[in-house]
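Two complexes are shown next, each including subunit A; its partner changes from subunit B in the first to subunit C in the second.
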Partner chain A sequence: MPRLKHFFRQLLLYKSATVGLAIILGLIAISIYTVFSIPYSDAIKLWRAGEQYWLDTPRNALPSWVNLFLSKKLPETIILDTENPQVGVSKAIISAGEESSVIKVEFVFDYRYDDFPSEINLFFKSSYNSSPPRLTIHWVKPNGEDIVLKSMLVAKDDRYYISNDEKLARRLRSTFSVKLNRTIGYDLPILVLLFAQEDESLLDPGTAKVMKGTYRLWIDGIAFEKDVKLDAKLVVYGKVYGWAGTDHLRRDLGIALLWGTPIALSFGITASVSVALIQIFIGALCAWFGGKVDTVLQRVTEIFMVLPFLPTLIMISTLYKFNIWVLLLIVILLSIFGSGVKNYRAMFLQIKEFPYVEAARAYGASNFRIVTYYLIPKVLPTIIPSMVLSVADFVFLEAALAILGLGDPLAPTWGKIINDAYVNGALYKGLYYWVLEPSVMLALTSLSFAMLGFTLDKIFNPKLREI
Partner chain B sequence: MYLRVAKYLLKRGIALFITVVVAVYISILIANAGGYVDQIIKSELYISISQSVRQNPAYKALNETQVRALIEEFYANELKRIGFDKPFIYRSFIYLMDALSLNLGRSLFISSDSGSRSVRIIILERLPNTILLFTTTQLLLFFIGLLIGLLLSRRYGSILDRIFVLLAPLSSLPGWFYGIFLILVFASFLRILPYGGMVDVPPPTDRFSYALSVLKHMVLPIMSWLVAYSFINIYVRRTFFLMFSSEEYVELAKAKGLPESVIQKRYILRPTLPPIITDFSLTLIASWMGAIITETIFDWPGIGRLFYTASVLFDTPVLIGLVVIYAYLLAVTVFVLELIYVIVDPRIRARGG
Partner chain C sequence: MPLLDIIDLKKYFEVKRGIFGSKGYVKAVDGVSLSLERGESVSIVGESGCGKTTLGKTILRLYEPTDGKIVFDGKDITHLTWKELSWYRRETGLVQQDPSGALPSFMTVKRILEEPLIIHKVKDKEERRERIYKVLEQVKLTPVEDFLEKYPHMLSGGQQQRLVIARSIILRPKLIIADEPVSMLDASVRVEILKLLQNLQRDYRLSIIYITHDLSTTRYFSERICIMYAGHIVESAETRELLTNPLHPYTRALLNVIPDPDPSNRFIIREVPAGEPPNLLNPPPGCRFSPRCRNIMNGLCDVKEPPVVEVRKGHFVKCWLYV
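The block that comes next holds the complex of A and B.
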């Protein structure tokens, strides 16, 4: 124990090791938090549920904290739901006689952001027997102007994508053309028409300014039935969401960023530790037994060194869509006959001749005992640095497979996010956060292990320290 | 003595050849997924034959059992023609012989840009691209590592030295990872370099601007590898030189008052060069197999991309062609290096294996 304490004191003398260790501890803390707060099955469900689950989040939204650094504030998402009464939501359904009822719904919200929302949708849930309610939807801008958006019959589970309504767009463009006495281009989106200040700047989406103030969406409906029920939900999608933003399927990137941590750590650490230990064992067997055992294992190692590692792995994972833990096993199996075996064998060939090994042999220790108790512990300290350093390689290997589209199809990992971002042209579209967030996590992980590894190298291999 | 050397070299040569043979055979087994690819080819063959029989107006008069019998007959003939009537194990040895004699055959799915299905042409079309990119990269890395490493080993403990040692962990991130950042900065944000590819679209017609365009496309991939691997290279070389400069014969040379440059060249560089050259030549050969992910990120039409496409499509002949070429290159390089060491290093000659 005092030796361990001494070791840690020595380790912390190096600044880079302290930083590295602190980051690793932070990552472990994140992993523990994640595993307990979002169970794995929930995470997969959230990540794989698709757009059915993520209805109320914006597409490709930046993380919320970017607003701290921007002079033009980007909008948050505004959700108003009649099932969830709050200020600004009101609903009334009045039976008018035996045969009909009148529906009134009103959503009022303040909009004080500097940029336009990304989408607006209306979701309906209704129940009726034979006659669906007919609704007229109105939009009232802060200057009091009332625009009829649409008249529609609602089905039981219906939605109205306001920002995609081309018919409405055409109508609005012509109204505004008349009002401003200018032609309005076809590329002017509905959101600008609904939210912009009505002056010359409106003509170009680049210069259009938001009309700040209180907006109102009200619905006037009638149904020819007595017991009609209707609930409506208005979602004004913003351009920022959560601490991590969202991807092209409206999913919260935070889930994959969080869950990526325990997956990356366990993948990297398990792979590096088991590969190193098995390689040492093989090296020790070669050196201790010599002769035929040595020849066979040496040749096997050479064959594996000729085999192309990544293409073999790609072939295997194309053939079978493995989950990440089977993939881990295969990575380990393909790596155990690596060049490390040759290095360890050379080390053991020297150690084999040491007097204490000879002594062990003299008192009759078995082969197994000598290999596991006398040879392997002797080299263990010298290989710990390379073991720590190789964690990063394996973390990146998993990411690389995911980027090629060959990783675990279910697990939310960092590589998966980068893959999604790449496939959807994030860099072309300027959605940098999408690539940067997982990249920063990957970089932090591998840098922390590398900083620790380099310091361990100095401590365990004193020859490096002296010079 | 020559006899002993010859015997040693012969022994090494045979051992290397056996390694190549076994490695190629294993990759044949893997690339065929233990016969799985056969199933795909057979079922595709069956479908295409039955379609052509059923659509042929000449057989319209036949009834269902006769049509079936006809299909089976054509199928059996076709299997015999492509040699699939023999069991997989038997054929795997034929594949092995073909591969070892560099009779690479025709690909299953991939075709070259000129439309050829010959594996040799497909590989030869991609190889120059990869060699161009990665040999340039490796040469740059080699000289950067050697020169700065030597400089730092001389100025051991200086601020410059400490900065480079501090930066060494940056190399734990792979080249393609820096590639993403470089694309982000130089292609997407600054818009001064291309996102990827090898030449502008459409390609320039005259030679000079074509070369210039290729050069422009090479900048980011090369830079990503330099950023990723320079620091570790410098660190390793520096440490290596430092270890050698504390040897006694170097101390003696210093004591004799030899000039610094002579000590550098004759007492440090010369004895350390053989392992460095070995390292470099093996890295260079390995780099000719391309870098799958770097080439994917930068959309570089090289061997790495070919390897990837072939593995995903299970284009066995292409995969085996690549593996066999790599195995031969590696074996020949190792053999040549051993030959050089026998000539250069008197210790090996004395042992004679």
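The block that comes next holds the complex of A and C.
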């Protein structure tokens, strides 16, 4: 124990180690928090559920905190739901005689952002016996102008994608062109027409300004039945979401960023520790037993060293799809007969001639005992730095495989986010956050392990200090 | 019955010259006979490369003998396998030359001493602890508590060698092979270590084979001295007899070069046998010392190997001069 304390005191003398250790501890804290707050099965469900689960989040939204740095505030998502009573939501269904009911739904919200929302959708849930209710949907702008959006019959589970309604778009465009006495291009989106100030600036989506104020969406309905039920949900999708933003499938990137941490750490640490330990063991066996054992193991090592690692892995992952832990096993199996075996063997060839090994033989230590208790502990301190350094290598390897589309297709990992971003042209579309967030996590991870590893190297191999 | 009986022991090391070259043998130990009583100690003296260390290691069966016979306590152990040798490991101990190299740097004193006990299945923790305490007291590493948790590098050279000795006697062996145990120590510590070995030998009736190149330390405790040269024992006798009455020319040369702290000696140039010890891969024919010998009888010494002659009672010499 005092030795450990002494070691840490010595380690913390180096600023690089302090910083590296702090980042690693931070990553570990994130991992622990993630594993306990979002169980893996939930994470997988959230990540794989696709759009069915993520109905209420915007597509490709930036993280919320970017608003802190922008002078024009980007909109947050506004959700108004009759199942979930709150200010601005009202609903009334009144039976009118034996055979009919009248439905009134009203959503009122304040819109004071500087940019247009990304989408608007209306979701309906209704129950009826034979005749579906007929609804007329109105949009009232802050200046009091009332626009009828649509009249529709509502099915049991229905939705109205307002921002995709081409018929409405055509109608609005002609209304506005009459009003402004100008032709309006086909590329002017519905959202601009619904939210913009009605002046010349509206003609170009680049200059259109948001009409700030209180908006109202109200639904007037009638059903030819007595016991009709109807619930409606209005979602005005913003352009920012959560602390990490969303991807093309409306998924919260935060889940993958959080879960990427424990996966990356456990992958990297397991791989580097087990590869190093197995390589040491093989090296020790070769050096100690010599002869046939040595010859066989050395030839196997040479074959594996000639095999190109990445192409082999790509080939295997193309033929078989497996989860990340099988991938880890394959990476370990492909790495254990690496050049490390040669290095360790060379070290052990020297160590096995040390008098203390001879002494151990003289008092009857078995071969196995000598390898595990006398040879391996001697080199262990010198290889800890390289073990720590190689954690980053394996984290990168896992990310690289995911980026190439060869990783675990299910697991929410950093590499998978970059892969999605790449496939969906994130940089082409200017969605920098999508690539930057996982990249920053990867860079932080490798930086922290590198800082710690190099410092450990200085402590364990003091000769390096002068260089 | 002697504790250890070595009969015509040979240890050759195979070497290959070149890729297709013929096989050769380094004859490190070439026909050594020796016998040792319980509680007796023997010094084996010779210069570097004469095969004395190989002899020690072969006796301990760290090397497989090429030929000959080793009988310990009435049992032939010459060709026993590793597993069958387990009991023999308990009966023998090894003290090496370099104490810091002989101790694993990553183990504590306690662990170092515990290892032989664990290997020889002393399962009871209490018993192991007692034995460790006792042995540390025997080698005077006291107070014991201060040493148990230390690592070898925290000990001085003399303390390290005491620890090595403690490790070699913790299994309560009958035979100890001490391979130059004091040659790497300060002169001031040498006597202490030798005294310690001497006391252990007397108290526990240990037999000690003391391997050294330094004749001056042998008189401390060995009863008999064997002079080794190029894989052969060339002369053996009681310590006093050999030191006062050396017969073999090589022994005389060795005794001649022992430094003597007398100011009147400062201008005397001591005569050293010319040349170097022979290459054991290809030793000279006849007597192996003949190329360097002053008393060489041409036609005899360099042709035929000399026999072992008992010149006086217990004084054997392998030289044509005394036939």
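Side notes on the structure shown:
Keep this in mind: the second predicted complex is superposed on the first by the 465 of 467 C-alpha atoms of A that agree within 3 Å, B and C clash if a C-alpha of one lies under 4 Å from a C-alpha of the other, contacts with A are read in each partner's own complex, and residues count from 1 in each chain.
Just so it is clear, a residue touches a chain if its C-beta (ideal position, glycine included) is under 8 Å from a C-beta of that chain, and two chains touch if they have at least 3 such contacts.
Predicted model only: the values in this text are computed from it and were never measured.
Three-chain overlay on subunit A, with subunit B and subunit C fitting side by side and no clash.
Using the contact criterion defined above for the overlaid structures, shared-chain residue A:93 touches neither subunit B nor subunit C, since it reaches no partner. Taking subunit A as the reference chain, the count of touched residues is higher for B when subunit B and subunit C are set side by side.
Look at A:35: by the touch rule set out above, it reaches neither subunit B nor subunit C. Of the two partner chains, neither subunit B nor subunit C is touched by A:410.
Touch criterion met: A:392 reaches subunit B, while subunit C stays clear of it. Of the two partner chains placed by the overlay, only subunit C lies in contact with A:378; subunit B stays clear of it. Touch criterion not met for A:370: it reaches neither subunit B nor subunit C. Per the superposed model, the minimal spacing between any CA atom of subunit B and any CA atom of subunit C is 6 Å.
Shared contact residues on subunit A (touching subunit B in one structure, subunit C in the other): none found.
If you check the complex, the residues on subunit A that touch subunit B are 16, 20, 299, 302-303, 306-308, 310-312, 314-316, 318-319, 389, 392-393, 396, 400, 403-404, 418, 422, 427-428, 430, 432, 435-436, 439, 442-443, 446-447, 449-451, 453-454, 463-464, 467. Touching subunit A in their complex are the following residues of subunit C: 57, 60, 62, 82, 85-86, 89-90, 92-94, 96-98, 101-107, 115-116, 119-120, 164, 167-168, 171.
By the touch criterion stated above, subunit A contacts subunit C in their complex at residues 354-356, 358-366, 369, 373-374, 377-378, 380-381.
Residue ranges of subunit B in contact with subunit A, taken from their complex: 15, 18-20, 22-23, 26-27, 30-31, 33, 36, 156, 166, 168-174, 176-177, 180-181, 183-184, 187-189, 195, 239, 242-243, 246, 289, 292-293, 296-297, 307-308, 310-312, 314, 319, 322-323, 326-327, 330-331.
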